[in-house]
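A, B, C and D are the chain letters, set down in written order, and residue numbers restart from 1 in every chain.
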Amino acid sequence: MTEVVASAETLTLAKALNAAMRRSLADDPQVLIMGEDVGKLGGVFRVTDGLQKEFGEDRVIDTPLAESGIIGTAIGMALRGYKPVCEIQFDGFVFPAFDQIVTQLAKMHLRSLGNIQMPVVVRIPFGGGIGAVEHHSESPEAYFAHTAGLRVMACSNPADAYSMLQQAIACPDPVVFFEPKRRYWDKMPVDLNAPGVPMGEAVTVRPGTDATVLAYGPMVKTCLEAAEAWDRSVEVIDLRSLSPLDMATVNASVQRTGRCVIVHEAPVFGGLGGEIAARVTETCFYRLEAPVLRVGGFATPYPSSRLEDHFLPDLDRVLDALDRTFSW
Amino acid sequence: MTVEAHTVQDSELVQLLTPEGERLEHPDYPLSLTDQQIRDLYRDLVIVRALDLEAVALTRRGEMGLWPSLLGQEAAQVGSGRALGTSDMVFPTYREHGVAWCRDLPLINVLGLFRGVNHGGWDPKEHGFHLYTIVIGSQALHATGYAMGIQRDGHHGNGIGDATIAYFGDGATSQGDTNEAFVWASVYNAPIVFFCQNNQWAISEPLERQTKIPLYRRAQGFGFPGIRVDGNDVLACLAVTRRALDSARTGNGPTLIEAFTYRMGAHTTTDDPTRYRHSDELEAWKLKDPIARLRAYLSRSGLAKGPYFEEIDAEAKQKAKELREELLALPDPPTSALFEQIYATPHTLMTEEQAAYEAYLAGFDD
Amino acid sequence: MTEVVASAETLTLAKALNAAMRRSLADDPQVLIMGEDVGKLGGVFRVTDGLQKEFGEDRVIDTPLAESGIIGTAIGMALRGYKPVCEIQFDGFVFPAFDQIVTQLAKMHLRSLGNIQMPVVVRIPFGGGIGAVEHHSESPEAYFAHTAGLRVMACSNPADAYSMLQQAIACPDPVVFFEPKRRYWDKMPVDLNAPGVPMGEAVTVRPGTDATVLAYGPMVKTCLEAAEAWDRSVEVIDLRSLSPLDMATVNASVQRTGRCVIVHEAPVFGGLGGEIAARVTETCFYRLEAPVLRVGGFATPYPSSRLEDHFLPDLDRVLDALDRTFSW
Amino acid sequence: MTVEAHTVQDSELVQLLTPEGERLEHPDYPLSLTDQQIRDLYRDLVIVRALDLEAVALTRRGEMGLWPSLLGQEAAQVGSGRALGTSDMVFPTYREHGVAWCRDLPLINVLGLFRGVNHGGWDPKEHGFHLYTIVIGSQALHATGYAMGIQRDGHHGNGIGDATIAYFGDGATSQGDTNEAFVWASVYNAPIVFFCQNNQWAISEPLERQTKIPLYRRAQGFGFPGIRVDGNDVLACLAVTRRALDSARTGNGPTLIEAFTYRMGAHTTTDDPTRYRHSDELEAWKLKDPIARLRAYLSRSGLAKGPYFEEIDAEAKQKAKELREELLALPDPPTSALFEQIYATPHTLMTEEQAAYEAYLAGFDD
């Protein structure tokens, strides 16, 4: 116990990610950091702050301005035995790299019948709520979850950020790692020696008996607030792994509660919520008191910032869904 | 490794006005302007800078989310912008406020974007000025396609047809899209000018992270001419762009112009350049200021005197004030805007989501 | 009646698409065809056969080998008033163009607050079953359906191919148009003067009372065969429009039948089936006798061709799902 | 518009062996090979062609879905392939069967891919030969990244370290990825050779749809050397590639080699080139055949005689027969392969889907 306390530090989510990379760089000489402005500047969100100074320009690489180039060369470095951690500056700028991620990174292990491993992490700050201009507030996770060969993770708090990013870096499979940018400045004590919850597992962040709310990334906090505000007992699960999904944890919860609400910022239409709803319904068909409800963005491009509060699910929209599920 | 790209060989830089305001002649770029035209350029530069500074101030006050300042790049933008004909089409990045000014696009449109009332919203056809494009390099392809459209209209090759100009930065030259645009423009001989403002930085990354050789030479690899111009010299930018546009109009295909300049401010208002660059670089570039040199020339040649400069400064101040007032009066978009103009024709899901959300909102009124 | 018969011709699906483009080119001088090998060769599937000869190189354009370039310049041509119909040679090669489609094509109308229209069609031969190598058999429709600002269509037979492609070309919104490549050689009489079913509407291709099967593209034929083979009355709906979905037609059917199976070639995980299942369940919750079941590809990259018969849903897999829904 | 790219100026083409088999010297590319080495190159060419023709025949018989023949490009592939050191790494497209041969990759691996038993499946490390890449241009970036890895290993700059070679076609030069690779390789001075086989066609599209100027000049735009070599001259391809690799190894960065050659066959077995090109072009290129010219040289110079040629032909025939037998004996993959090697570590959904599908299949046994 004393030791645990000794290694606990209060960190923002951004600093926790930074600590995770620093530790990975220190422990494994094959780990590299790459991206636009990740070096001297330390990233536009300062997530890689100080890493170039500490580990040098060969390991923390300011790249030319080309996302396909970043992922394409990261693949090449992985083929040479390196473990690149690539930063995509904002969610909306991952698309020039989409081809390399979908047709190469995701498929290389199979193409080689297992002879090649692709320990590449693609870090993407995602989601809205920061008053940004176009392309800076998107939630493209469903594209990657639908892409076989990738693992997709989303962290929601500093402690998870710290352990999950280290797990992603250590993983021999490619991982698309989503970071809730509007929570970068959220703080909590982080135990720097704790192993963290195993990769791929969802976590029940608030136990409850009457309804299950599923969320990930920035929406976990919103859902916890909603659960707090609701008058019946609501269980909140942080999915953490979006591909694969930890359906065992989810189904066990819904089998107990009989009601389920899924919340994400991405547009509901074609979003991950549909997949989860279909699976939950298949497994818990006779147990469901109401259909699985989804709360999320509209089927529109992310709006200009003066409209984003309408687009983003908030406490009220989650409460509204709880209301609907309980009154079904 | 970094030297070649960073050092300007005087021989390869087109300059018509020295930093000291001395007028030079260049055999390939003769330029004859009336006195009034030169004074008008000065007015453009001063007003554009004032409006930009006002926007920075408004952003600091919280009125906008962010502002990418053009400080230092006024001459590149005004020089090239004033070379354009009315029916030419501009494809800007997110920093071409000076070109917007030249195209008579009321700048409140641009401020509205950075305030977040919409994503642009102006009509490109009305001003021959396409929407701001934020994804680096994308617009180079749009511009090339547009130029191919001009060719198909038959408005081309006769020296009087339309031309297209695509703006982008030094960082953008690394993107696949920009290079694909070079391929297409060259192969189809499209009437387009690629105008690269090399302001030496892509956020925190210096030019050497994008290239080992001067950027204007990129064009050679694609089979069309590239030229480097002093981007702080409004006369040279005007002359070089005019010639490139003429070349496009007469069926001679694309030209790449590298306007060698400097981003005097932060990348945007949220950036802190002290983290990555030395102030002595900035100091050196201050001596090349685009406005100071034109003012020196105007004074020295007797084209303008003190009162004229004061008059322009006053006009700029007034315009900045008007812009501020417009911004402060700018209404937020109605909620319905969330669901509108996503599609040009009715869309069942849009209708459904809008109705559901309006019903949800109405629930709060009860 | 005589006139209708006079204009009916027996066409393959590929020829029907060709006829649609020929007609659009003839009727509207702003229509252009662009892509790799679409001109002199007439496309690798000959879908644009003869069009360059008839309409010239300025209107039927063999482009450089760059998909981002194709869509990016098509956007520019649309800005100049043209209506480009772009061919992506195979489904797996749309990804280099993904950025232009998602961040530009889909968002331009909104970005301009309606001042700009984007009448661009992106034709994509999709799906497997032709024994091809990697990247030539994919079903990427879910990526596009999840992208607001696009319309997504998939045709399943020659008559629809003919009318739907003309509708897509005439539509002022960008349309991603999926063509079932393994059905290119299927034939049927096509009425060249019929207006066709309105854009966006699903069609009940086989009426039934006991279960609803939803499909699109290449799977429609498979599902019709399964319905034929099943001993109870199965309704088959060809969705035709994947974004937006015609949920009115779908829900009305499921309200009648109480059972629903969705079939697509794309991986089930994160595929369009999840979205449809979630919607159907929400609307028909009390009417469903069994959860909506999904039949589709596995959560793997499309396998090498010697394995594709296992990957692709076939008659037996659809029957198995019918079996499961009836015995739930 | 098309002329420049299509016409070979003799002055810009490196050639060490004329189409008639006459040996030329080139000041920049001295090449001294033993007689045996030259005969070995001949053997490579003949065997590679025989194996390729066998694969075409097998495809026609329905044993493979498709085969992209290298016919006509043997010298480009063997010349460059034999310039490589053991620990160098090759990044091929889908047509580099001749390079695969040089890297001792049993060609059955390649045939297996086109038969559809897997997507490649060999171990790149074992042969210094990466997997075939079908998405045009992608591998140019992988190769560049790999070369950056070499730099980080410290295996570089000393003249004996590893180098990388990326193959691609004329069509691929239009892709964004290829051009981004040029940017990166140049900026990081990576130890890489870009080997472009300009076979004049990208399926049905002639070179003029990709470029207006000779492709080797593309490199100039990115600040590294480009060179055009007679792609049907195995000696020149060897010499030029060797020098470029040496340059990479000694820390001088990338080189672009354009091997000027011709795709004598269809794009793949499913293609019909009579729809888009004239037979006279083909006839002209037949006179430049890479094998005939080396054979002429060997005969003329007395390095080899009739019986030697017969021996090689017999060996090639035998190898083709063995390949055919291997292919016919190639087992189909087990169903379980569907779910395996997608991930390197256990994956719940994979496990679940595999179990469900196996249960489903087992249902048919009942």
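Just so we're on the same page, a residue touches a chain if its C-beta (ideal position, glycine included) is under 8 Å from a C-beta of that chain, and two chains touch if they have at least 3 such contacts.
In this text, all values refer to a predicted model and were calculated from it rather than measured experimentally.
When chain centres are defined as mean Cα coordinates, D lies farthest from subunit A. A comparison of the C-D and A-D interfaces places the larger number of contacting C-beta pairs at A-D. Centre-to-centre separation of subunit C and subunit D, using mean CA positions: 36 Å.
Centroids built from CA atoms put subunit C at 40 Å from subunit B. The distance from the centre of subunit A to the centre of subunit C, each centre being the mean of the chain's C-alpha atoms, comes to 31 Å. Annotation for subunit C: residues 63-64, 66, 68-69, 92, 95-96, 99, 103, 107, 110-111, 134-135, 148-149, 243, 269, 298-301 touch two or more other chains.
Residues of subunit D in contact with at least two other chains: 118-119, 135, 174-177, 180, 183, 187, 209-210, 342, 349-350.
Those residues of subunit A lying in contact with subunit B across their complex are 36-37, 39-42, 44, 62-66, 68-69, 92-93, 95-96, 131-135, 269, 298-301, 303-308, 310-311, 316-317, 320.
Per the touch definition, subunit B reaches subunit C in the complex via residues 89, 118-126, 130-131, 133, 135, 138, 140-153, 176-177, 180-181, 183-184, 187, 340-345, 347-350. Against subunit A, the residues of subunit B that register as touching in their complex are 65-66, 94, 113-119, 134-137, 171-172, 174-177, 202-205, 209-210, 270-271, 275-276, 332-333, 335, 337-339, 342, 349-350, 353, 357, 360, 363-364. Contact residues of subunit A toward subunit C in the complex are 68, 92, 95-96, 98-99, 102-103, 106-107, 110-111, 134-135, 142-143, 145-149, 243, 266-267, 269-279, 281-282, 285, 290-294, 298-301, 328. Those residues of subunit A that touch subunit D in the shared complex are 32, 58-59, 63-64, 66, 68-69, 71-82, 96, 99-100, 103-104, 107-117, 148-149, 151, 171-173, 200, 243-248.
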